[in-house]
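Multiple structures follow.
Shared chain: subunit A. Partners: subunit B in the first complex, subunit C in the second.
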Partner chain A sequence: MSEAVTALRGANFDGAVTVSDAGLRGMITLRGDLGDEKLAAVVKAAVRLGMPKPRGVKEGAKGAVAWMSPDELLLMVDYDKADAVVSGIDKALKGDHFLAVNVSDARVVLRLEGQGVREVIAKGAPADLSPEGLPIGEIRRTRLGQVAVAFWLSDAEILHLICFRSVGAHVFNWLSNAAQAGSLPGFLRPD
Partner chain B sequence: MSTRLGTNGRLIDRNKPLEFTFNGKRLKGFQGDTLAAALLANDQMLVGRSFKYHRPRGIMAAGPEEPNALVGLGQGGKFEPNQRVTTTELFNGLTASSQNHWPSLEFDIGAINRMMSRVFPAGFYYKTFMFPRFAWKHVFEPIIRGAAGLGKAPTAQDVDRYEYFYAHVDVLIVGGGIAGLEAAKQAGASGARVLLIEQTAHWGGRAVVDGVEINGKNAEDWVMETLADIDAMPNITRRNRMMGAGVYDHGYALGYEQLTDHAPELSGPRHRLWRIRARRIVTATGAIERPLSFAGNDIPGVMLAGAVRDYAVNFGTSVGDRTVVVTNNDDAYRTAIALVNAGLNVPAIIDARPEASGDLAAQARALGIRVETGKAIGKVKGNKRVEGVTLCAQAGEGTTLEEIKCDAVAMSGGWSPVVHLWSHCGGKLNWDADQAAFRPDPDRPPLGADGSGFVIAAGTANGYLDAASALQDGHEAGLRAATEAGHKPQKSAPPHAKSEAEAPLLPVWSMPQGAHYQLRAKTWLDFQNDVKVSDVRLAAQEGYASVEHTKRYTTLGMASDQGKLSNINGLAVLADSLNAEIPQVGTTTFRPPYHPISFGSIAGDARGALFKPIRKSPIHDWTDANGGYWEPVADWRRPYCYQRPGESVKDAVTREINNTRSNVGLLDASTLGKILVKGPDAGKFLDMLYTNMMSNLKIGKCRYGLMCNENGFLSDDGVVARLSEDSFLCHTTSGGSDRIHAWMEEWLQTEWWDWKVYTANLTEQFAQIGIVGPKARQVLEAMGSDIDLSPEALPFMGFTEGTIASIKARAYRISFSGELSYEVAVPASEGQAFWDAALATGQAFDIQPYGTEALHVMRAEKGFIMIGDETDGTVIPQDLNLGWAISKKKDDFLGKRAQMRSFMQDPDRKQLVGLLTEDAQVVLPDAAHAIEGPKRANGMENIIGHVTSTYYSPTLGHSIAMALIKGGSRRMGEVLSFPVGEGRVIKARVVDPVFLDKDGGRQNV
Partner chain C sequence: MLILTCPYCGINADETDLHGDGEAHIPRQGAGAAEDDFEAYLFHKKNPRGVHFERWRHVFGCGKWFHAARDTMTLEVFGTYKAQTFEPPKALINKIKKKRLDWEGYMK
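Let's turn to the complex of A and B:
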């Protein structure tokens, strides 16, 4: 485990906002009946959080859970806990129809920090990035430029973004370009 | 001559002089000038040559409707052709050059075309096709190529940056004149999110120039107050230098923001293309003045009356000392009055109407201006600039009554609302006969997703040409837009604007009424494309009745100004020629963008390193640093080979093959698709997806499978591993992972929605490393593993899980090379660590990495197919001798029914064969065609198939190939001919496509 590295290997950019490699994060795709109490119970056991609403994301001390589609959640935990969480879910839901799989290594997680995080993303994502359009507590699955991404804000000035590992370098370079100092339009009001 | 006045110039700062050059000439202007104003201030009347006849042309307008005054701006990486001087703001050091002339602007040989205008009549381009072929090639094409074309294409790469920005608002308001400002204020006061955009640097539009009074104040003060009100509302954003370029379905609009064009010293992006989603779009885009159609109306110095006024009032610039005003309406009188008030001379106002009795005419007469009613301009005298006009009766044929000396002509044929944005997405128009203009039909707006109109035209753009009703309409449009966007505005009284009352205009489409041919042939409709009244009449005479056909036949309105000035005049002439009413003839289609936008803004940030995302495997950086010779594979980059210093690509491939076959090779196979399929119905699902049976696969075993589409054609292939009773991992081709995952989801979501199956695309979760060759097992054992790697414990087509080199791994014993081979999947984050460990441990066994070409050659030696080489979307598995992989037991699978059609069963279909060239060292070219027998009736060779893969096999010391050949399976031993050009024919013998180790002894050890 000691030799696990992210695709970005700790890259960092300072501009209108800071863009940084958020490091390894445990991620589990959980597909199943989101209305099922047993499923809600395994989510609770894994991250100590309740079921998110459609498009919602919840964060807590033990991890986070995001609504990805009507039958899919993303659980976020410490990187080295992911396999154990999957085993736990497999055991708890044995006999049910579900899918739980570790996808931690298929992804890159970036952290953007600064007043202009919404505007940097709005240069490439067609989603409404205004505080009304994307309130804190909601996640968006959309695209950034030419590639698929998901992102959410945990605070007015902190945005988390997930993309596929293979395009991690592209997304980092894209964000660094979009976040050049003095290039933000000043259209979106701060929260 | 045109010059700078001592007075006026509300937009310029005379304390801030600027220097610029035009055709290398150093000229001076002021901060706030447009390039057009500054050129006029320097008496630069002649600014370009026309497109077809190379006639001298000057500035005609003061805004984006300008047809003539296009220049090349900047130099090198900042050069841009076809820029309008009227929309270009002056800055210090600006360099401009005129276009479309040779050798110089003043003396242009192409102008000879003008003498030959009978050679270029309407439909010239089409008519030339009727001539014999040689005439087009040797006569017309050289002439047209020499004469045609506007600006030069840039030769250097654009040095500026561009970007997109996505904005979502309740109400988008396009146009910052008084109607747009009032609409924004009202919509904003309701709490709606409002974006107000204005294409110029200034707010207030024409009302400010025309001296309108609003709520008892002059318009300029009202504009300042309203801007202050708007700025006090945080829910309104206003941006100047941002044009509404297009309106599209679903409330989508494009805004084109020019950030640094006016001040290139600023950092940041040059243009920003706003992609706006709005619940409602208010188009307060104003109106454009129409030219009048009289002979010589294109000579430099003939200008729109409103533009003459703009230059005088806004920029303190006069177009001439003596300006004749010619009009069919009252508005042009404002120009005459403004000029006289600025101390200039107006020898006459020539008014085509029988009488001029309005307030403005009275004011003009009171100033002592001569007003000639019922009169027209017969023709303009002059060549490179206006020298005078002849006066004639509007009702006659043009007989000269008098010559009037002047150096400028201000013309006005009335105003046309700018309905472009209203029309882009399907808004319909009504003909307003009183104003002789099309205006938006409020009952037929462009419809949004909810079935209601999402565009609201406002103010002048809505056909309210007087300030008072325009302002009131803007007020109501703002309230309505906010209401329809879900807000509850407070009703309030609209501001009251006051301007002089105007008498009705007289539609004048030809001046004089009965102008004879010589005059009509000098009367321009489309200035940029050189279309004259005579051309449109000729088109009508030749049978063109539809305005869309006439447009293409004559090229009327097809230039880069898209006919902003010519549209109405042209179709009025057409209607007249056809004896039809204008509304029956209709308009051509308005298409975005409203005004040309830069290619850079369309490209946005997708250039250089960001042009196209490249997918990178976990071993990418190492490969890049260790001789990887890249080739694109779908969106990935994969190494074709790993070149050593001084080694050729060919030698590297040979070395990699030989080393893998004799020692051991290391392959980065991470790009292979890996899709997890799980659920009680997973086996049933895969039985439908693959041609062979997957549901009976044992846990811990792998099986090669084929996927076909519903037409029976081979779509993808790969190895399926059964992980547990209810889960399978499906490997796809590198290029197929996303497509096959989407294919699975489509069937699950649309057809088999009640099957209990979930899928997850795990392609990027794992680095997959192939360890391949006779010493593969020794390397893995030496790396340290808790897996029993013995042939008994892990036989061919088995897989197992454990750790290798302390990394959690799943090892599949599968082979695409025919060698003893393991593909090891490890977490992508530890892919590089595994690769490093394999290389370090493998050193003792002479391990070397190998690339895709070695992979391809080795698979071809074994007769294995590649999707995309042996398949092309028309190949079924049976063609490739893969009938063994098609289950006879299954009731159904995707493609089964199609494969039973008679054509698919034809024994003469092209079938896969191996080829050995007669000369072992000669390699067939890719896709070489095999021919047989006599030529066909059409004189072409009888082609019986083509080469699909071809290589030199270092293992066999022989060139090998695979080909799809008609009835190939029955041709074993035949020698086929492959002509490869220049009379050369390569001969090759048809053989079994498995060239090496048919029994599989090498891999089963």
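Let's turn to the complex of A and C:
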């Protein structure tokens, strides 16, 4: 089998905040009835976490689960476990109306770290990046410049961002440019 | 700038996060339709100056289609509601009537 690599090959930028390739991540799109107990059970089996609230992200030792829409979740697991998790879901939900797809290689995950992470994103996304508008543990799907992204904060100074692989290099360059040292207004800082 | 609240994910979405798709609640005319009906379906839009009911999609967000009622002249947004309906909710119509006393009401 070929060796899996991320689109960013471990890229890193140190500026007003750090922008880095978060590495390979197993990502599974799971669509179905989020109110269904069987679906909740497969989520629990995959990441040992309960169903997230609308727009919520739950993170644990085994992985993470993000609410993407009223009928869609994103499961995040170890990269090399993704296919096994998908087969497990396919087996458990056989006959039901659902969809589980390994999208790991279709995406790029970036990690931004520093006091100004909200301000870097606010330069290009039409989203409320204040702590009230985007509390820690809440995912926001929107655009950054012209491309679709999703991001959430797991901590006041750590932001995770997912975009399509095809625009990964562009998003990395965009973020690096937006994170030039001395370029942040210092308005949306954590307390 | 137009901001609409997506009734599916609750986000106050900026217009640039959305895709507008024109008039809402248009009954579909299929292959067996009369020519006049099909022409009207494709081309005859209300296009009012004032209260209008529209389809929008939260395209950069949760991806869902929804409906919005707004004033095309002032850009005032009266409300948004889910797509699983053939006409605007009664409560929203009443709300608009109170704000626009000269409005003729929702017409199919």
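Just a few scattered comments:
Everything that follows uses one rule, which is that the second predicted complex is superposed on the first by the 187 of 191 C-alpha atoms of A that agree within 3 Å, B and C clash if a C-alpha of one lies under 4 Å from a C-alpha of the other, contacts with A are read in each partner's own complex, and residues count from 1 in each chain.
The working rule: a residue touches a chain if its C-beta (ideal position, glycine included) is under 8 Å from a C-beta of that chain, and two chains touch if they have at least 3 such contacts.
Just so you know, these numbers come straight off a predicted model, no measurement behind them.
By the touch criterion defined above, A:A106 lies against subunit B but remains apart from subunit C after alignment on the C-alpha atoms of chain A. Legend: residue contacts after superposition of the two complexes on their common chain; A:R55 is shown touching subunit C, with no touch to subunit B.
When subunit A is checked against subunit B and against subunit C, the one touching more of its residues turns out to be B.
In the superposed model, A:V167 lies in contact with subunit B only, and not with subunit C.
Contact with subunit C, but none with subunit B, is seen for A:M68 once the two complexes are overlaid on the shared chain.
When both complexes are overlaid on chain A, the residue A:R143 reaches subunit C alone and has no touch with subunit B. Judged by the touch definition given at the top, the superposed model places A:G124 against subunit B, while subunit C stays out of reach. Taken together, the two structures place residues 126-128 of subunit A in contact with subunit B in one case and with subunit C in the other.
Residue ranges on subunit C touching subunit A, taken from their complex, read 8-14, 16-17, 60-64.
Across the interface of their complex, subunit C is touched by residues 54-55, 68-70, 72, 126-128, 140-143, 148 of subunit A. Against subunit B, in their complex, subunit A makes its touches with residues 1, 3-7, 24, 29, 31-32, 71, 83, 97-99, 101-107, 119, 122-130, 132-133, 145-147, 164-171, 173-174, 177-178, 180, 182-183, 185, 187, 189. Residues of subunit B that touch subunit A in their complex: 161, 163-168, 193, 195, 234, 237, 267-269, 272, 275, 277, 605-606, 609-610, 612-618, 636, 676, 678-680, 756, 758-760, 762-766, 807-808, 827-830, 832-833.
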